[in-house]
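Below, subunit A partners subunit B and then partners subunit C, in two separate complexes.
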Partner chain A sequence: MKRINWTAYAQSLAAPLLAVGVGLLVGAIAIWAVGGSVGTTYAEMWKGAFGSFYFTASTLTRATPIILTALGVSLAFRAGFFNLGAEGQMVFGALAAALAALYVPGPGPVKMLAAVAAGMLAGGLWSLLAGWLDTRFRMNLLITTLLLNYIAVYTAGYLVAFPLKEKGGTGGAQTAMLDNSAWLPKLFAGTTLHAGFIVAIAAAVLLALFLTFTTKGYEIRMLGSNPLFAAYGGVKRGQLMLVSMLLSGALAGLAGTFEVLGTQYRYIDNMLTSPGYAWSGIMATLLAGSNPIGSVLAAILLAALQTGGMGVERNTEVPLEISSVIQSSLILFVSARITFSFIKRRKARAANGNAA
Partner chain B sequence: MLLQMEGITKRYGSLIANDRVDFSLQEGEVHALVGENGAGKSTLMRILYGEEQPSEGRIIVGGRERVFATPSDAIAAGIGMVHQHFMLFPSFTVAENIVIGREPKAGVKFDRKAAAEHVKTLSEKFGMPVDPWAKVADCPVGVQQRIEILKVLNQGAKIIILDEPTGALTPLEVEWLLKAIKRLAKQGISFILISHKLNEVLGSADRITVLRDGKVIGSVKASDTDAAALSRMMVGRELAKFERKPVVPGEAILTVDNVTVLGDRGTKPLLDRVSLTVRAGEIVGIAGVSGNGQSELLQVVSGLRRVHSGKVTLGGKDVTGLSAGEFRRAGLAHIPEDRYLWGSAKEESVADNAIMGHLASLSKGGILRKRLIREKVARWIDAFRVKTGSLETKAKHLSGGNMQKLIVAREMAHGTPFVIAAEPTRGVDIGAMETIHEALLKRRDEGGAILLVSSELSEILKLSDRILVLYEGRVAGELSAGDATEEKISFLMAGGSGNETH
Partner chain C sequence: MGTLLDWSLLSATLWKVAPLLLAALAGALCARVGIFNVALEGMMLIGAFTAILGNDLFGNVALAVLFACFCVGLVSLLFAYLTIGLQANAIVVGMAINFLANGLTAFLLYAIFGVKGQYRDSTMSGLPQWHIPVIQDIPVVGELLSGHTPLVYLAFVLVAVLQFVLFRTVIGFRLLAVGENPAAAKSLGLKIRGYQYGAVVFGGVLCGLAGAQLSLGQVTLFTENMTAGRGFIALVATMLGQSNPLGVMASSLLFGFLDTVSTRLQGSSIPTHFTMMFPYVMTIVVMLFFKDKTYLRQSGRLDGK
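Up next, the complex of A and B:
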């Protein structure tokens, strides 16, 4: 019994590891092509990501929003809904959190809680909107979530460029800075790592437990695995979709909230879009096959590639884009795996009920 | 001897799928291969068709030893296979499907006219009429199978493997096919016929080989044996004597009153003013050629499809328009007609597949009670002898027959007053069929109301107290168990009206 489980685990790990291996190989070719030394470059990348306590902490800081969005996306994926709207949900979450922390009166902890609630709510509702458009009007979720990103990003950009712009500020499009009583505490002095990381890890464990041990988690998994089977068994798709989209968006909103409360201490236009947290989160989910714990590891890996890439740029002639090359080839191979399993599923359906 | 397989052994790790199997085929012979699920029939045929390599043993075709690394090698040696599920391109024409891979060319262009001519000649030569220009999607299942056989003949096959060829056919199509096989055999084509249906095997094969647990139990001439002897060889024991106790039906559990379901584009109704009643303590069988409204009826009485007019009541409650969950709460258990489409989630574990619909009794405060689940599911698996590695094994690793047993176990465990049994024994072996039939009859004897839908007339006749025949979405006729014969049902299924039966 145990043995079967272990091989299953090994198999589920094999594909992403292979993808990572091939990604590094393609990266090596790219490094060689731009005339860098593969060994030195990868050594610098490792140092940039995990070379010192400070760098490790930076990597985990960067991983925090990626983990949270990855969890949100995983939840939706497990229910069978392709939520590509993490970016917009994250942006609205961050903006709502900044506003709550700025304008809710009271002591620091109250502001902080208000910000977390507002951030999760804003992200959740934005995601719910896409879910509602699907259940009510049968609008394709893939398209609505994707397009709602633009609405969210540009609306937030406009708001912080004009009506909500910091009064008398000399900076760009950004809100005023939060009162430092509402800042998330740092985990280690002198590093960037904040308490949001702990919450993200806890959220991953909770999500894994939720999916495995609760009836709702069971229904979500079955709905994602075979919607007709779920319908046949009496699972209500509409209700479950709204719930999972709400939670999915709330997690993305929380990712944005923590960037505001833990890193930037205000909402700055492009603070979430230019590092591409949301898309890294989706990548992490794909890489981990929507497994919550796996998503954490994948998110840290992707964050390490990014912080490591910065290290490479600082210390060698090889450009930062190398880490994008590696990430892109990772995704290429992961999506090849998805396509492959899709084809296998189609084939298996054709061979259904093969008796004897 | 045209084909000899000698001492074929196939191991998968510690599992022995074929154990020193000998199998032979003469020119123009029809040789049937029978056995329960997992007896090793498919493995043996996959080896012959080059899809698997034997661990030991030799294959000799036409006096020469051959090694088939791929199906192309087998095809080149004159071996063809018609799979249970057809491998055709529905949107292409019949001719295009038949000549695929060896298209006649005019320069570099595909010469469709020549292809059609060629197919016409071929179909006349072998007495298998098809319209070369028709689209495959528009052809009935029986014709699609003809296309598959012609495709294989066009590849030059002298030996044709037919895997469960009659599974999806109507009785008339089955009759036609078995005749065609005999005719082709006279023309020198040899057949290997894999089937669960002993009557068909006995009626069409020259020789029958029985496999059990990977070993050849015996190879007999069809004229020297009968169905009872064959099933004894297959199962390895005497089958229980089947009897149906008389039960006086009680009150109506399910009523369907004047229900109409329109097509998606408002075309011809899929169900046309259908009314029926299933009472406590009776099995009502629904017969019909597939596509005459059975699927829609099943979906209507399980809450998976809306009706446009009419009324459905279950256990005295009006359930018209309610969801599947509410049907289940009103007392429905449902063995679905397609075990993979509706009945399971292949990527999930056996345990997860087993508890669908049972959550209320297997959870507390929204938390699944894992230990209770393990105990219960283990008991169901035991009762129906489901072969699985563990409860955590993914459902896709179960064989079709075992998946079916798991679904039946899950649904019977609900203990509901009303049970839908749609194709309850499709693709399962004789032993499992016996178990499933017993479970259904036991529920009936205890006062359960059962709606049985099956494309197997023998199953309908064996189990039903009353039989309704669906034709083009309407109830074409009703027969009582004592009154019904295969002929009468077939006549109604083909669109004959109830009054003209005599």
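Up next, the complex of A and C:
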């Protein structure tokens, strides 16, 4: 028994490493195809991501919103709900946080707490809307969450371009700058890394504990892995869906909030959509198989590929998009790993003699 | 509103509807064999890119379209291998294919054409417009039905062909059986996986056509992420049309019309943010009114199977 567990453990570690290898191999082929030097390119990528303390801190800064989104998406996936609406939830969260920090009176910490509450609430409610449409009107969640992204992004874009635009500002579509008492503190002077990173790590640990040790966590996992059994056990699907969608959206909203409080100090149109934080978060979730702690590592890996890609673009002829190629081949390979466990499960069922 | 609704609006709808309809038919075909294909978006994007690439390589529009179909066919074969061959979760693989399509087209855009964001070559010719001899002279009907690209006509012909093949031929019945009751189909000696592979790859070819219509139809250019969620709207069209070619055509026409109205509204005083948002809002509203009763609902979840 012990021996089998060890093999499984080794396998669970080997598979992601193998996936990274495959991703880098595909990347190498792409680099070679555009006439770049594979060695130099990957060296620049490493330097761009972890080459110095400053770059490492930048990578972790970029990873922060990705981690938080990934946690939210993981929670929904664990419950069996394909929440693809992280982008919209994040955008509304960030906008609400910026507004709260701008207009709530009081000292810095009060503004900050108000911003966090408003950001999580806005993201959570936007996500809850999709959940409600599913439970109330039986509308496909995958599709509605996706469509709601476009609506959120355009609405927020309109709001900061017109009614909420900085008065007399020279910039583009953006809100006014927050009072610097509401800024999240930096972890190290001279770097971009802010306190949001610590919160993201703490959230990952809390989510892992919640899923493993609480009744609600157990119900969520049961609903995701075997909905019929969950129903038999008295789990209320609709109610649990609303709860998990609310939490999932709140985490995405928090990701947006920290971008406002920790890096930009205002809401700027496209500040979240052009770096594609939400989609990276979904990729991290897929890579980690919805495991909270794994999601943190996957998010840091993806952030490193992205900041590394910028380094590549600065110093070589190979374009930044090489990162997207590596990331997507990673995901594709990992999706086949999910398979692998699926086949095993099916075989096991067949062996028990109760296969369909 | 007077200038908003005229015959050219309906004619423009046919332009807009073709890529949507082709992709939705692909989705319907996959749904009929029990596969929820969320990769339509990515496949369309790859189709749009490879159509431009083929046009650049061969300098011939027909070859460009064939090239697009071939390339997307290959991608759909990968999708089929992972979901059917390896039994991976179709939604996860579909999302991965969408990510791949986004990354790969952006990378190749720079690697091949040396540009970022958008590629346009003014010397490149797009798909021809067919003016149908007699019909083009009839006042309203001519404006409506004549002067479209061959792919627009092909999309509607395919509706009829698929409707006939699915519900009037033996191969169609077998295909339906594979989706409805795999165990029964297997007991009849049908090669389930063969039918599934066939449907997915043929769907890929349709997505190639859809992409070609996007990048070579009304305009001749490729923009990063130019599909902008159309693949998912096509998926909604598939679901609302109950995966039935005629139903899919009806829902695609509706979405194409809404898309055209949104383009038309851009000239008005309404802020562009709202006109851009319009098709997505309307899609949700339509979903609210037309209940989707298909078996696809269940497969829309991770717990699908």
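In this text, the second predicted complex is superposed on the first by the 330 of 356 C-alpha atoms of A that agree within 3 Å, B and C clash if a C-alpha of one lies under 4 Å from a C-alpha of the other, contacts with A are read in each partner's own complex, and residues count from 1 in each chain.
As a working rule, a residue touches a chain if its C-beta (ideal position, glycine included) is under 8 Å from a C-beta of that chain, and two chains touch if they have at least 3 such contacts.
Because the structure is a prediction, the values reported are computed rather than measured.
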item: Which superposed partner A:Ser225 touches (first subunit B, second subunit C, both, neither); value: both
item: Which of subunit B and subunit C A:Thr214 touches, first, second, both or neither; value: first
item: Which of subunit B and subunit C A:Ala189 touches, first, second, both or neither; value: neither
item: Superposition-derived comparison: subunit B or subunit C, residues of subunit A touched; value: C
item: Touching partner for A:Lys236 - first (subunit B), second (subunit C), both, neither; value: first
item: A:Thr155 touches, of subunit B and subunit C: first, second, both or neither?; value: second
item: Contacts of A:Val34 with subunit B and subunit C, given as first, second, both or neither; value: second
item: Set of subunit A residues, in rising order, touched by both subunit B and subunit C; value: 225-226, 356
item: Contact set on subunit B toward subunit A in their complex; value: 35-39, 41-42, 83-85, 87, 163-164, 167, 194, 196, 302, 304, 323-329, 334, 336, 338-348, 352, 355-357, 359, 363, 366-368, 370, 389-390, 392-394, 396, 400-401, 426-429
item: Of subunit C, residues touching subunit A in the complex; value: 38, 78, 82, 86-89, 91-93, 95-97, 99-100, 102-104, 106-107, 109-111, 116, 183, 229, 232, 235-236, 239, 271, 273-274, 276-277, 280-281, 283-284, 287-288, 291-292, 296-297, 300-303
item: Subunit A - residues contacting subunit C, complex; value: 30, 33-34, 77, 80-82, 84, 133, 137-144, 146-148, 150-151, 154-155, 157-158, 161-162, 223-227, 279, 282-283, 286, 319, 321-325, 327-329, 331-332, 334-336, 338-340, 342-343, 346, 356
item: Of subunit A, residues touching subunit B in the complex; value: 1, 4-5, 8, 213-216, 218-219, 221-222, 225-226, 228-236, 348-356
